[in-house]
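Inspection log for the structure reproduced underneath, given as structure tokens.
The first chain written gets the first letter, and so on, giving A, B, C, D and E; residue counts start at 1 in each chain.
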Amino acid sequence: MTDVTLAVVLPLLGAFLLPLTAHRGLHWLGMLLGPALLALAALLLFATWTAFESPYAIALGGFAPPLGITFYVDLLGLLFALAVPLTSLLLWPGGSDEAAIRQQSLTLLLAAALTGMALSGDLFNLYVFYELAAVASYGLAASSATGPAFVAAFRFLLISALGSVVTLLGIALIYFKTGTLNLAHLATLSERLADPQGLAAFAMLLIGFGVKAELFPVNAWVPEVYAATGKRVAALLAGLASKLAVLAVVRILLLVFPHDEARQLLLLLGTLGVLSGELAAWQARDVTRMLAWSSIGQLGVVLVAFSLPGKAGLIAGVTVAMHHLVVKSALFLLADRWGGAVDRLKGAATASPLGAALFVLFALSLLGLPPLPGFWSKYLVLSGLAEAGSGMQHLALGVILLGTVIEGGYLLRIITRLYAAPERDIVPPAHRFPNLFASGLLALLLVAGAILIDPLWQGLNTLAASATDTQVYVQTVLGGKGITR
Amino acid sequence: MNWAIGLVMFVGAVGLSVIGIAGMLMSNHLFRMVLALAVAEAGANLLLILAGYRWDAAAPILLPGHSTQAMVDPVPQAMVLTAIVIGVGVQALALSLVIRVRQHYATLDMRVARQRMQDALDQAAGVVPPRSQEGPAGERPLPAPTRTIEAGGPHD
Amino acid sequence: MRNIATLLLLGGLSFLLLVITGGLLFGNPPMLIGQGIQQAAPTEVGAANIVTAVVLGYRGLDTLGELSILFAAATAGGLVLGSTRGRSGRPGGFILRTGVDLLFPLMLVAGLYVVMHGHLTPGGGFQGGVILAAAFFLPLLARPQESLDHTWLSVIEALAGSAFIALGLAALFEGRAFLTPLFDHGVLGALVSSGSLPLLYLAVGLKVGAELASLLVRLSADDEGAS
Amino acid sequence: MIGALDMLLLAALAAIPLSALFATTRSGRWLLVAAYAVQFGLLIMLQPATAAHSALSFQLLGNAVGWQMDALGWYFAVITIGSAGFAAAYAAGEWSEVNGRLGLSLRWLYAGLQINVLAMLLLLASGDFVSLFIGWELTSWAGLILMLLAGGDAIRASLRYIVYAIAGGMTVFAGLVITQAAVGSLQFDALHAAAPSLGTGRLWAIALLFILGFSVKMASMPFHLWQAPAYAYSPAPGSSFLGSISARMGLFGIALVAIKLIGLAQLDRLSLVTDLVDLRGLLTWVAVFTAILPTFVAMRQNDARLLLGWHGVGQGGYMLLGVIIADRLGSAGGLLHVFNHATYQAILLMAVFAVIHRTGTADLNRLGGLVTRMPLTFLAMLIGIIGLAGLPPMNGFVSKWMIYRALIVDGHPLLFVATVISTLGTVLSVYKLLHNTFLGQLRLEHEQIHEAPWSMTVPMLLLCVVVFVTGAAPGLVLQYVAAAQQAIGLEPVRYILGGIESPTGSLDMLWITAILFAGFGIGAVLFYLIGGRSRRVHQLDNYAGGHFLTADVRYQYSDNFYAGLMHRIRPWYRGSFEWTESALVSALGAASTLARGFFEQANPAQWVLVGTTVIMTWVMWYALG
Amino acid sequence: MHWAELLAELTLMPLVAFIVGLFMVLMMRKIGARLQRRIGPPLLQPLYDIVKLFGKHTQTSHGLLHEFGIVMAVGGYVAAETLLPVPGMNGIAEKGGMITLLYLTMIPSLGLALGVGQCANPNGSIGISRALTAMLAYDIPFVIVIAGVAMHFGTTNLVDVVAQQQAGGIETWGATQMPLLALAGLFALQGMLGKQPFEIYVAPAEIATGPMVEMGGKFLGGLFVMQCFQLYTASVLYVTLFLGGGENWVSFLAKSFAVLVLPISVAFLFPRYRTEDVLTMLWKWPVILGLLGLVFVGS
């Protein structure tokens, strides 16, 4: 029973069954079910990770690969898949009333969908999982059940649905030209897509998947949704969901569109994302929206990193993405009680010294203070950009650095308020224990990352080596070598 | 001839999508936006179906005795089925959100709803809205249409 | 002003899309996997309706995802709209009520028929499920003060969904891949054929029916409550 | 195997928790002063002539990272630990007790000081670009701890500082990655070896990025606005420590990267279109303007701390000038000035803070006449301003003399004239400081004031001894300067105990000090032995124009002290840099508003259409073109 | 060089300077008198003045620093005199140089400033502020001159400068080689001496406003001594830089007195500039002349 399919299926099952516990006086089961299943999924993925030898594919339904849907299990997919249940557990909403159960159900659905996105090897299946994640996110975005949350969720839905239409058009274009959906199969046919139509199809997929990845022009939903919804949900969306959407784009980019033009597009949009996000954050006066805009900027960096060719790009991208996952989730958790105006934070450090210290730690890592992992991730991106060395890349390098400076400005504005003397003796409330605990765990992770940076990098090297090798992918899936059943 | 049919089909698919998108972007009415979304999805689905069409081919159903006949590609059909259902789900959710927005803000106008959301967010965060009360020249805030307010009370 | 810009952009978009689609080959698809599926489906799945073979067999996971999306939409809708309140409103007229009483069994049968024959003829769990949902929703139009039992709806929802997964997991327990069709294929074209596909479609039909019904009920309830 | 360098770093690291622990009691603080002494001892045990390697080295992301300290780093490290030690001693006694009662966090103060020392040691001991950048960033952020402690005005100043610091750090970062791209490695040797074969474009990029980045920390000319307020508003030990040494880390960086690694020969390749202007020429003028303009800004300050802070900026210009001229005399002068400046700046800031400690203000319009109340502090400040103004016989004169000489010998008369203008401005400015604080009318409310406690005066006076001794016998320091010069590949200066040996004009401070004191002696003999006795009047017994001035009336001539001069030069204070800075901030704000506007569209789905259409247009255009 | 010789220089050179300075003061007063159709003071009048001042009984001291300021002012000049090469006595001058001398001459100003500052007289402080401003004014052209001379002779050692000028006779004199700089130097000299039109800071006409306001008795006497030194220093420095120094005592003294004639005559013919006009004046023409001179030196 170590089939990674279970990591997708079990949360789904849990989501289906969870509403039943609301009626039957089975609250205790309801409280346990979700976390237990997520933990199980995590364990399963972890077991697969430790036992991992070489990439393999799972032909779902037992149909030989190009015909049926395949899951492709490699280190890249596993890494992101593993992040899903773990982060979801950490950000588990809790509670046992009807609304809470629905929210948990949606969280499980989101987790299942994101795990599926990490593993799926089929274009349309990616789309379906993406949509599942999107619908679950709409629900989560509206979960705080306030007026702003409904408007924000509706606007989010509008962008995302329109994006889906565009994606669907893109998938139709690809199907028109190739007649297949399997990524490995598409990889062998990538010549056919190396023309304007193919590139247009890629652009459409990018726009569609980009909505959740907070890609530059289609990210207008970000600040209002994060501001209107609960901070755990914001952390889940900003930290986790966006990364898996990026992963989907990267898979498609690596396998189906290995063209320079596609990378350039990603680079351009990523750069614009950094610029727009950091600039908008500069004048944000409440913490939540500041973090939201900052996360747009950070995801711009992630996209820029993935736009770099070869292993270096993948390593850089994975590092930045994982770092942002940890840091942004934690920052949103800490912003739970501190979500208001920056000026209201005066004296918060006296009420919640640990929370303030953690905030500083995460902010510093986000800014790239060596030897915290944020520095290394930034280093990998920047050195990759410098190596790649065309004008556009140098521009991106400059923009990222400029973004960091702006980021320093506004994050420090928060930090200085935290440690300022309280005004009129109104001290912002201390953190709730679960949030503090979760962000404390993430901080430990961050510190561990700083210490173990070199082994991690070595691991990423092997990960990237296999992930960037299209041949391995194609042969594993189509050559029948690594197929289970 | 075939080429012309193809063109008509493509024009239909693209047209539906674009009309839907236009509806979503140029209307400010929440419900119409959802309707327009349905139109746009129909366009995309049509294009998807077209991807599997073959001249002179039958539906992909095996009937005894006709097993050698050319059939259209079944995969896009399956995909469209999925896409339609997804669309239904999204639209249903969108409608429930529209209902709630109307209950909360007594409006179905996107601009008004957005403005009220922004104000509510700013107020909750304790941030003074960055614009002056007079409003910048050119986009003076008009009084909310009284009709919607009358219709919008949750009491009756 | 904004509308003019939007129109310009829309014009550009339609032009671009037409240019791009104009270059596509219509009517001669590459059918790389389509062809393969057509050839393999009768032996591998055994469903006369190849679309069903694709939907439940080759792309079974998509269908599961699709179910989950519906479920997610229903759950999210429930989260947004909250618990249904007592319904109010005048009952429908005589013709409406009689018509509904007349139609209800017919629609029930039609729905079930469409569900059960999904692997043979056009139709299937989704289509049938929608008919079922409509069948259960119609009485509510006629008699707004009655209500569907949400508990039962959610139980059906949950169990049907779980059943779909359970069927998939059963294959896993047998040592095969998730969602591998079980049982004997039977005779192509027979009602009881193509292994576990009809069972899956039944689960789909019930789940879709229950979910749509509960969504409709919620929407109508809140709409009335609001107005 | 743990070497001497590791011992030093470990000691500095271990002292951080100790600082946090012991900072709250008086004896504990003296223990911490002892800890600095231990660190200083460990540093002295390092052999400065050859580079000392750290046992700590590892592979990080494919880069070998290690630490080593050569004579240059050692020289700066001595100043660092020395400044920190004196600052700690200064605050150990009554100062901490009083300020601790006022709510200052002593734990943070002492721990922050020690963290700064550790960060700087890491920077000074960097063995490759990775460790250099680690040290650089840590130093930047560590400084923030000390700046933030005071609260109030300090917070705004430190926010400004950190934006500048991050900008500088990121510029260095860009230089680092471009170096890696160009050279293929982040080892110092790799750049040194590859520099001659690098193309001019690459070399320009690397040199410019590193120099610009380091210049921000130095507060060189276009980036000078942040420093004075950031350093000035820190608590006393922090202020005197930061003011003494912190900004000099930028000089260290420039000496290391530009002079040692890239090398003078390569730097000289960097000229603009015509060979008329080259990078070094440009930098010398930047340095000179850094020496002049902040000095004249300092002259206008009414807060003693700010006045000194601006002088710190200006003195940095001299150091940069000396190092960039990079001949044997000039570079020695620049490096020596680092030491000299650290000593007298520490004295001056300590003296000002001693005045603040007693009077509670550093406003130059609210002080005066304290010379009789706080004579020792006055003496310290007098010696300090003589050093800062660069008059003989204090040490500031020696280093400035060397820079002047180098400028004349190398044929830069304009630079020479410009630097002297800066010195003259300094004289005027520091006299204003001394006069407004210690001379003139004593305010009634200050009549009961006593001398600062011994824990504060003794460190100041000890530093005065250092300033005087190294002024009279600069050879004591010059030997280490010479070693540092050798470490960065320059010709070492030829020094003697009293100064410089040179065929075209040497300097022997022993002689000059001797004749100066002889002159004073003669003057004193003339004054005291000849003529009648004078009658000593009370300090408050005064008159002007034949009319008695009563003590309760304020008649101190302090505000707009150089009225005539200001009448002439006020139009030249355009505030262009302030204006540019605020314009940049406004522009950023406008861009930010624009970006917000992007996100706050009435219909967010708009951007899906725009994005799709624009990108697809790009795609088609790309396909056609 | 033997230490005894050095000791002799150390004591003799200030003494000589003092005596010569007394005669320079006398000359100044005589010229002034002649220009105003007066006879002028007798030969020893300057000395009498000093003796009288030192002998006064009513003198007020405002504190130690007040006294020490005078000591510094006089002592600084004493030290500076030893660095000026005079015929036959340049052992100590070897150790110094132009730059050192430039800075040593600031010490008396600082001393005076300290002493006056201690008096707590606002008018005194105003005088000091003006004096320091004037220093900033005249030192800029003066530094340009110094830079030019040092560039021209390739050394900052005054003894070498003198030696080089004497080696080639009058053609190699600084004044013939660098006439523009010599002219600029004259302006600086005028400022340095604090004579009209640049005497606002001394403000002898308004006794109440100026550095001397609190000085009486031997304090003022000290300042008189300082004035002797000041005249001597300025003229000898000019002679050293531009007029070939002293081949022997006769020519040395002749040149030194001659140099002073012009500024003193100017001083009695011109009214006074205001502080800001002093700056404008000294930062304009002499600086332009000096910079032009620098160009010629450099080319």
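Heads up, the rule we're going with is that a contact is a pair of C-beta atoms (placed from the backbone, for glycine too) under 8 Å apart; a residue touches a chain by one contact, two chains touch by 3 or more.
Predicted model, so just to flag it, every value in this text is computed and none were measured.
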{"item": "Required steps from chain B to chain E (each step between touching chains, minimum)", "value": "2"}
{"item": "Those chains which touch chain C and also touch chain A", "value": "B, D"}
{"item": "Pair exhibiting more inter-chain C-beta contacts, D-E or B-D", "value": "D-E"}
{"item": "Chain separated most widely from chain E, comparing mean CA positions", "value": "C"}
{"item": "CA centroid of chain C to CA centroid of chain D, Å", "value": "73"}
{"item": "Whole-Å separation of chain centres (CA-atom averages), chain A against chain E", "value": "78"}
{"item": "Chain centre separation in whole Å, for chain E relative to chain C (CA means)", "value": "106"}
{"item": "Computed distance of Cα centres, chain B from chain A, in Å", "value": "26"}
{"item": "Shared-contact residues (touching 2 or more other chains) in chain A", "value": "124, 128, 131, 135, 138-139, 142, 150, 153, 155, 158, 162, 169, 173, 175-176, 179, 181, 196, 200, 283"}
{"item": "Numbers and ranges of chain C residues touching at least 2 other chains", "value": "6, 10, 13, 16-17, 20-21, 24, 29, 31, 33-34, 37, 58-59, 62, 65-66, 69, 72-73, 76-77, 80"}
{"item": "Residues of chain E touching at least two other chains", "value": "none"}
{"item": "Interchain pairs in contact, sorted by label", "value": "A-B, A-C, A-D, B-C, B-D, C-D, D-E"}
{"item": "Chain D-touching residues of chain E, taken from the complex the two chains share", "value": "10-11, 14, 53-63, 65, 67, 70-80, 82-83, 92, 95-100, 102-104, 106-107, 110, 113-114, 117-123, 125-126, 128-130, 132-133, 135-136, 139-140, 143-144, 147-148, 150-151, 154-157, 160, 200, 208, 213, 217-219, 221-222, 225, 274-276, 278-280, 294, 297-298"}
{"item": "Chain B residues within the chain D interface of the complex", "value": "21, 24-25, 28, 110-111, 114, 118, 130"}
{"item": "Touch list for chain B against partner chain C, complex", "value": "2-3, 5-7, 9-11, 13-15, 17-18, 21-22, 25-26, 47, 50-55, 59-64, 67, 71, 73-75, 77-79, 81-82, 84-86, 88-90, 92-93, 95-97, 99-100, 102-103, 151, 154, 156"}
{"item": "Residues on chain C engaged by chain A in the complex (per definition of touch)", "value": "16-17, 20-21, 23-25, 29-34, 36-37, 40, 44, 57-62, 64-66, 68-69, 71-73, 75-80, 82-83, 151, 154-155, 157-158, 161-162, 165, 168-169, 171-172, 175-181"}
{"item": "Partner chain E, residues of chain D touching it in the complex", "value": "368-369, 371-372, 382, 386, 389-392, 397, 401, 404-405, 408, 411, 413-414, 416-417, 420-421, 424-425, 427-428, 431, 434-435, 438-442, 504-508, 511-512, 515-516, 518-524, 526-528, 530-532, 534-537, 539, 542-546, 555-557, 561-565, 567-569"}
